[in-house]
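For reference, the structures are reproduced in the following blocks.
Shared between the two complexes below is chain A, which has chain B as its partner in the first and chain C in the second.
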Partner chain A sequence: MNKLLLCIALGLFLNTVGAQNRFFTKDAKINFNSSTSLEDIVAESNQATTFIDIDKNEVAFSVLTTSFKFRRALMEEHFNENYIESSKFPKAKFSGKIVTAIDWKSEKLVIVEVKGQLTIHGVTKDVSFKAQITPGKGKVIANAEIMVTPEDFAIAIPSVVRDKIAKEVTIKIDAVYTLYQP
Partner chain B sequence: MIMTKPNLLRILLWIILVGIVVGSASVYYIFNMPRRNISKEKAVYALEAKQLISEFKKDEDSATKKYLDKTILVKGEIKSIRILNNHGMVFSLEDEMEGVSCSVDSADVVNNALKIAQFVKGSMGSFKGRCSGMLMDIQVINCVPE
Partner chain C sequence: MTNNMRNKLLTSLFVIGMIVLYSIPVKSQDLDALLDKETKPQTTYATAIFKSTRIVNGHSVQQMKKKQLEFRVSHRFGELNTGSYNFWGLDQGTIHLGLGYGITDWLEVGIGRSTYEKTADAFAKVSILRQSTGEKNMPVHLSYLASTEIIGLNTNPAMQQNFTSRMSFIQQILIARKFNESLSLQLTPTFIHRNLVPSELDRNDLLACGIGGRYKLSKRISFNVEYYYVYRANASSLPVAYYNPLSIGIDIETGGHVFQIMITNAQAMREGGFIGKTAASWADAGIHLGFNISRVFTFNK
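On to the complex of A and B.
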């Protein structure tokens, strides 16, 4: 069980029974792009689970690394076996806080700053990034971009292919949250 | 027979040529290797969704080791059906939040439209797919209905 998601899903629920303060989706889209002029490397997963707690301005998301799809089967194999080592580290996750003040009743798009910890390949790093959030009635639409460097997460890329993979990888997140009603 | 020099050279050239052709063909094949076709794979494990859930809840690490990336056939009661933006579908077995989520890619939804049309909330469903581990739910991807 992903303890982080469970804590946010259940733990917070016990504190505020009946309050409509948590939004979630299990079908968030996460894609990353590490293309260079030598090679197009884009992968996508539609199976990220994410929660937003609008009382505490907390955000968490989690994705299984084998759910990423690449253009080529060979890329998928290299990603899972050599780089991310999915059998050892099957999940990537983030947990953090929206640090910008946000009016969840506004129903207007706002750009906020999010800070927290990102775990990839078993390595946890502090990250901060901008996110666009549109609160709505019973739903929240959010998207964000995070820039990461593979080497920061102890992902070893052989020098032979180093020029084919971007130094900085862009992770994009698109999520449409609905009210969490356990 | 004693080989003359030109003969030996010709044989060597042929060997090099064949080597180049076989080598390039192998590289081309590996580079463009086909994706796994789950519908043609035999399930390594066939089990009830309830049993899979209890194995993961009991010991997630060892269940992940056992099932990750394996083709499995799971059967259970469909608790929710979701259609994704790209027209793929997700069927949650036994529990919407903490059950088994079987996702069917859009092409497989089209190829198995008749079977999928029979699935409704509360009916039993069997899906063969690749286990990608557990978040809140256990995810089985690239599923085809059985």
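On to the complex of A and C.
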């Protein structure tokens, strides 16, 4: 009986060790660029929350669209009011899977393929993109670039300003994950 | 059943129970649920309560943010009831040119010049409370406006003798709320002190209260109404009949520009004039067609 209890205790201990499979950060950087020769349109948020589950190779992002800062206050206002409609759709989200096999103990930079669903402006789209991941001791560094078009997410751009906003918008992600302790 | 068997059975049940118990919290939390849990509560501030820094004639709670400059051209045609000789008012024009600059996100200062009584003006607008929801809750946006107007006309001997008699001082509290994406309303208690008034019967101090609002017809077009109730204790004994200004307008926003087109019984475009001296009435078709053009420049690196 005593041996059994010991086994259970050991099992539970291993279970908690096994639970150290999630990495997260609350201050990942996301910036996007939709500049044209007529107008520089760049915005950045450093308040994205993101998780990586290294057992399941899952990854998830969430960012409040009002946290994006623009150089020009008027652009920020128009972004929230007219394009992204932050009061109706306050969050942009991504949830997906790393489809390339990855050795989380390697501590070497690897380029992987990520597939999943991106939700912006209340519209969900399947996307896939390449990401650079560097696993480390107790942390994971990740960068990625995603190309999207405003039309894919039902963001209407009036013809008067169509030439000022890039047809394809580049979203860049920079995240340094640490071990998640609930 | 032997003791041994019962022991084994109980132990197995215990083990299974523990496994089930410990696996539940780990399994039930997927990443989406964790994301929601870890997204900190935020304060969301109401933005773009109005499209422009003026509802029609009077100030709105909207103001220039840090390092933003607004250049504003306002124009009012003459009165509609002046007939065909005056091409129903379109022969005449009153103009106001204004600049407003954001020193910080909460302080805007501005200057202006109007052909109406050759008036020069200067103002400061201070944002005190911001409407917000979330971590911090604030039902309204509250701002304070202080403005000075100096009449430049050289036809009044009293004004030519004494410079200070050209001056008026305006103070307003702007209380606004964005009720939803479309509807915003603003209440504007106003106090005006004029150093010199047109007649002995006029009071130097005027109390007024503005009520105004906007309703968005589309993302970039809104319908605006603005009315000022002006309290005059001795209105009937004044040599000139004054009326409360009522203005109805449309805002059209195109990127950095806002066009405002309106009809109003006020000819002047600054508080001392349109609140204090509106002498035309809607009832007599004493209305002016007019427009404001606002262009915002940003000096941020």
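Simple rule for what comes next: the second predicted complex is superposed on the first by the 164 of 182 C-alpha atoms of A that agree within 3 Å, B and C clash if a C-alpha of one lies under 4 Å from a C-alpha of the other, contacts with A are read in each partner's own complex, and residues count from 1 in each chain.
Note that in this section a contact is a pair of C-beta atoms (placed from the backbone, for glycine too) under 8 Å apart; a residue touches a chain by one contact, two chains touch by 3 or more.
Since this is a predicted model, take the numbers as computed values, not measurements.
For the composite obtained by superposing both complexes on chain A, the positions of chain B and chain C are in clash.
In the superposition on chain A, contact is made by A:Asn46 with chain B only, not with chain C. When the shared chain is aligned, chain B and chain C each come close enough to touch A:Lys26. In the superposed model, A:Ser87 lies in contact with both chain B and chain C. In the superposition on chain A, A:Ser62 contacts both chain B and chain C. In the superposition on chain A, contact is made by A:Arg72 with both chain B and chain C. In the superposition on chain A, A:Glu151 contacts neither chain B nor chain C.
Looking at the superposition, the partner that touches the larger set of chain A residues, chain B or chain C, turns out to be C.
The clashing stretch of chain B relative to chain C, chosen from 8-16, 116-124 or 134-142, is 134-142 in the chain A superposition. Residues 1, 26, 49, 62, 64, 66-67, 72-74, 77, 80, 86-87, 90-91, 182 of chain A lie in contact with chain B in one complex and with chain C in the other. Every residue of chain A that touches chain C in the complex is listed here, in rising order: 1, 4, 8, 11-12, 15, 19, 22, 24, 26, 49-51, 53, 58-62, 64, 66-67, 71-74, 77-78, 80-82, 86-88, 90-91, 93, 95, 158, 160-161, 164, 180, 182. Only residues 7, 11, 14-15, 18-19, 22, 26, 29-32, 34-36, 38-40, 42, 44, 47-48, 65-66, 68, 105, 181, 219-220, 254-256, 296, 298, 300-301 of chain C touch chain A when the two sit together in their complex. Looking at the complex, you find that chain B touches chain A at residues 30-36, 56-57, 60, 64-65, 68-69, 82, 84-86, 88, 90, 97, 101, 103, 130, 132-137, 139, 141.
Residues 1-2, 5-6, 9, 26-27, 29, 46-47, 49, 62-64, 66-67, 72-74, 76-77, 80, 86-87, 90-91, 182 of chain A touch chain B in their complex.
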